[in-house]
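Heads up, the next two complexes both have chain A, just with different partners, chain B and then chain C.
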Partner chain A sequence: MAGEAGFEHRWRHVRLLFLAFLGLWLLFTLFPLYFMAITALKTTAETNLTVPTFWPEVFAFGNFAAVFAEATNFDALVDSFVIASLNTVLSLVLGTLAGYAFARFPRQAGGENLAFWILSNRMFPPVAILVPMFFLFDSTPWGTDSIWSLVILYLVFNLPLATWLMMVFFRDAPPELEEAAYLDGWTPFRAFFRITLPLVLPGMISVAMLCWIFAWNEYLFANLFVGTDVRTYTIVIPTFTHGSQTLWNLQMAFSLIAMIPPVTLFILLRRYMVRGLSLGVVKG
Partner chain B sequence: MSNVILSKVNKIYGAGRTGVHAVRDLDLTVNDGEFMALLGPSGCGKTSTLRMIVGLEAITSGDIHFGGVRVNDLEPRERNVAMAFETYALYPNFTVEENLAFPLEVRGVPADERRRRARELAELLRITEILTARPPVLSGGQQQRVSLGRALIREPAVFILDEVMSHLDAHLKFQMLFDLKRLHQELRRTMIYVTHDQVEALALADRVAVMSNAALQQVGDRNALYNRPTNMFVADFIGEPPTTFIAVERCDRAGAIELRAIGADIVFDVAAERASALDAHGGRRFTVGIRPQNLYPCDHDPRMAGKVVINEYLGERSILSIVTGDVTLRALVPPETRLAPGDHAGFSLDPRDVMIFDTESGVLVA
Partner chain C sequence: MRQAIVRGDPSTYPDWFDGKRRQRPLIVSRWVPIAMVGLPVAVLLAIVIYPTVWMFYHSLRDTNITGLFTGNHAYIGFANYATVLGSERFQDSLIHLLQYLSFGAVLQVILGTVLALILYEVVRSNLWRTVILILVVLPMMLPPSIVGVLWRFLLTPSNGAVNQALLDLGLISAHIEWFNAGISLWSIIIADVWNWTALPFLIVYSGRVSLPPAVYEAARVDGAGQWKVVRRITLPMLKEVIAIAFILRFTDAFKFVDLVYVMTSGGPAQSSELPTYIAFQRGIREFAIGEAAAYAIIIFAISAVIVTLFLQYMKRVMRAQGLA
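Presenting the complex of A and B:
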């Protein structure tokens, strides 16, 4: 039928438009990655050419070993990993408990306004509290230059997010399921772990990813707080810039290595993430 | 097994002027092994009552006893009650078998024993073929059976069902009603069945408690509710099609009492033994209730007559709507009654079937 053909025709246009958009988007997102990768493989001389090359003349795989010439550079990756992981665990535990309280006992937990105020803590520019936080942590027994400083400091950013998202996930988990479990003979504590927690687990995993990536990538506070006893990888990256020149190839090689943990985590957990992020949207 | 006694139970949600008085001074006794239906329109406080019985909602005032034990301060898990929820509330990430066995797990029943009992119950409920499925893929009727099974598996003292049929289609409902009745006859558990559907309540229950506006209106078996409703609400709510109410005025003549309809030419005789009740009550104006089932078509010297406006054919019965003066009557007649809109029809009735209510309070007078 003519109408159907017209419909098909229109669909083809939409598809073309979509593919064009997708192509453009891929160009913008993949080109920097591509350039990063080839720069990491170039020799230092090649990175300094006035006309950049888009494919390395010789592959300098040695760059990936050279970044660890400074042995503490590897320790920085370990420190970042430890800080991000500890902070994520703390954010999840506290955020899950607080989110549950806000979802199930809104009145006792302080109500919608308190919940929103907690989320709003995420909205101010972090630099606004940079100096006060420095003095605050400087007066602690362990000082600013410690893993614990950053683990606790990052709670300021991750805990509001974790609390709010977990609250949304718990609201979507029907309270009748817990009530049914109480009647079946379970204590509230055990019912929570057996029934409700598994329901919000995909959501929890996405929250964990978001928290972990924030803490892994944080630079501003890390740069000011740590540097001697503890170093995060983010403050190592600028050290490849020396007075007279920047070792672009080493900087890119190190950045690529730093991308491995989050990318691996993402690949392992992406199925949960997709389910978790759609949990708040799709109702059964 | 145990009986359930509610005395002066109140539930108020919230406080102050915004508080909702959901259950008011409820007195109710459910006998051991009895099948009691709690019937009332939506929002009248049925679910609130249940939730107080099972312990999911705090009791604002009053007492609840199970078999002589006051349970007000007991946790739900300490009351040995089971409840099937309106929303089924099946655990979505467990299989049907795990759902059924969940109440046994916390009681330390060994795994193979749990399996055996789950399978036994699945057979009784005819759900053996879905034991390994997860709830989200089941049909409404299947979910319903699983939720019944989960409530039954641990042999509770009191078994409570909240509007469990309201999401089933008519055919499935009929089957489930039958199964539930059979289950009760086999198990002889104390059961409280909540519904807004009088057909379900009357079909299943030994006795029905009718609620309206947060208060209990009447408790009784089918006969009591049908023939001796305590007030106009019960007379209206019980029975299908509903009772016709007619405003009447008392006329005394030659020792006999008549009730004359206001705005229509209908006269109801009042038998001598009921006249004393009217005398004791006093007043001249009443409301008469007549069930459509109690009007009989009659061509010779009818009690009332009027013009047919609607003839609803329902298969095994027809409902006639008849207008006389300001009054519209309904009559349930055999389907072969050949009366078309516009026809003239006469009816008679047994004076004993006339229910007389106080117009203001709605309470049955005689």
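Presenting the complex of A and C:
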């Protein structure tokens, strides 16, 4: 106990120590991002110097334009956007239906164990399904190289998330309001859309954003399934090379551009996102 | 045996006593909920269960790529499993996985918890808290392929930024060969810690914010010091939240393969391979379907055990919170 009292006495110093630790961590977090940003502004020659520079000698703002000089790079962003959005809509519609059923009619919908089974799908390694799905899509007329293969495959991780989170949000919405509406002669359909859905809308938005970010950032499936007709930006960035030389500045410039949507979404919606990221267990 | 009923803990009440979850009269036809749940379940059966069954079938056969298309593969019992379990490559990858989980996932949860509590207890201004929170969480918003490319670039041995910075600071006297055997896995772990410490950080921080202030006022009235409050009140109350953060990180880390793929391709000489990466490599690049299937089923079985245990715990936590 004496030690503890001594600790309290030294709290001022300890506080400084903690602040220093936080500062070090910020340095560790931000240094790579800083270097990413300045590399995006360097010329190709400068990125290949034997002694790297920590401030660009010449600012090459043209890198950002150079990224989009090739039309395929812009197409990659479009493909990523379309795939992520379609997948989000699909996950959200299916997830909302199931989540509502689990929250309001638990016994008729299969109960808690089925809900937990759906969630468990999110936690299994994707390699277990990669190979068979590849050959399954390969045998369809449109092949693996289409947006639909990714839109469907991304359901593996987004559909369980959407179902589970919507279930948690619907549980928070009081059923008494709906029951009052039934007494007024409303149909369950109308009560759902007019009363309960507006109540869970903030939660729904956070689920949509999370699903969208996960689909936007996905790499493994995209790398294997698409690449010729459809290319997502995540698989395009590592391919920026000139002969044997890696064009780091263009890779970093493209990465910075691709970071904008998820970072913006996070800053705007961080309050809601915590609930989603913790599977609804932690109230944000 | 029946669990003892604990006053104030609804999860131990008998079913008939549970007023909150009593059966409500069903307002819709009993087929409606079944249809609502049936759609997602059907989708998941198609994209998860079908492939798993397919994998199990081929893990018992000597399938390779030509055999797969001509239908020419024979039943060979558990030979594929014997090959996998007996191979040094697999055993090494298990050790790598253990190293990665303990220094990746576990370290991330500890660091995230410490940082979250420091941010909450030590930083006073709300503006600074928000700014620091956003800055710390930034790496998490990056896709794994960019994180991999970025760290491969930073850790380039000859002219990478990290080596140069360490040299300038006088911390090292020669370039560290970040992608040599024995170090390359550590490089991946560093990149992963950079990328994902934000998740436990964010979860624990939010958990701390939502703890009731009344408890802390009571502690202050009793004259408890800050250190004691953190140790005796905050940490015990955040136990479940920290556990959930750990579960999420652990299951994610277990299926993780992207950074290995982008940063080192498992090399040099297979020194940074994880089991999931080998399964991927054997099945997709080397077309040993049968063996890859055995890998996948083994990984699937291990994660089934882990996930089941975790979900049991989550179920308990959510019951206690009245969420499930």
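Going forward, the second predicted complex is superposed on the first by the 236 of 284 C-alpha atoms of A that agree within 3 Å, B and C clash if a C-alpha of one lies under 4 Å from a C-alpha of the other, contacts with A are read in each partner's own complex, and residues count from 1 in each chain.
Definition applied: a residue touches a chain if its C-beta (ideal position, glycine included) is under 8 Å from a C-beta of that chain, and two chains touch if they have at least 3 such contacts.
Note that the structure is a prediction, hence the values are computed from the model and not measured.
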item: Partner chain in contact with A:181 - chain B first, chain C second, else both or neither; value: first
item: Partner chain in contact with A:27 - chain B first, chain C second, else both or neither; value: neither
item: Which of chain B and chain C A:190 touches, first, second, both or neither; value: first
item: Touching partner for A:198 - first (chain B), second (chain C), both, neither; value: first
item: Of chain B and chain C, the chain that contacts the larger number of chain A residues; value: C
item: Touched partner set for A:134, first chain B, second chain C, both or neither; value: second
item: Chain B versus chain C as contact partner of A:274, first or second or both or neither; value: second
item: Intersection of the chain A residues that touch chain B with those that touch chain C; value: 179, 182, 284
item: Residue numbers on chain C that touch chain A, as the complex places them; value: 21, 23-24, 26-28, 30, 32-34, 36-37, 39-41, 43-44, 47-48, 50-52, 54-55, 68, 111, 114-115, 118-119, 121-123, 132-139, 141-146, 148-151, 153-154, 158-161, 164-165, 194, 199, 202-203, 206-207, 210, 225-228, 240-241, 244-245, 248, 251, 254-255, 257-258, 261-262, 276, 279-280, 283-284, 289, 292-293, 295-297, 299-300, 303-304, 307-308, 310-311, 314-315, 317-318, 321, 323-324
item: Contacting residues of chain A [partner chain B, same complex]; value: 174, 176-177, 179-187, 190, 195, 198-199, 284
item: Chain B residues touching chain A - in the complex, by the definition given at the top; value: 54-56, 75-77, 81-83, 85, 87, 89, 91-93, 102-103, 106-107, 136, 150-151, 154
item: Complex contact set, residues of chain A against chain C; value: 4-5, 7-8, 11, 14-15, 18-19, 21-22, 25-26, 28-33, 35-36, 39, 48-52, 54, 94-95, 97-98, 100-102, 104-110, 112, 114-116, 118-121, 123-136, 152-153, 155-156, 159-160, 163, 168, 171, 175, 179, 182, 188, 213, 216-220, 223-224, 234-235, 237-238, 246, 248, 251-252, 255, 258-259, 262-263, 266-267, 270, 274-275, 277-284
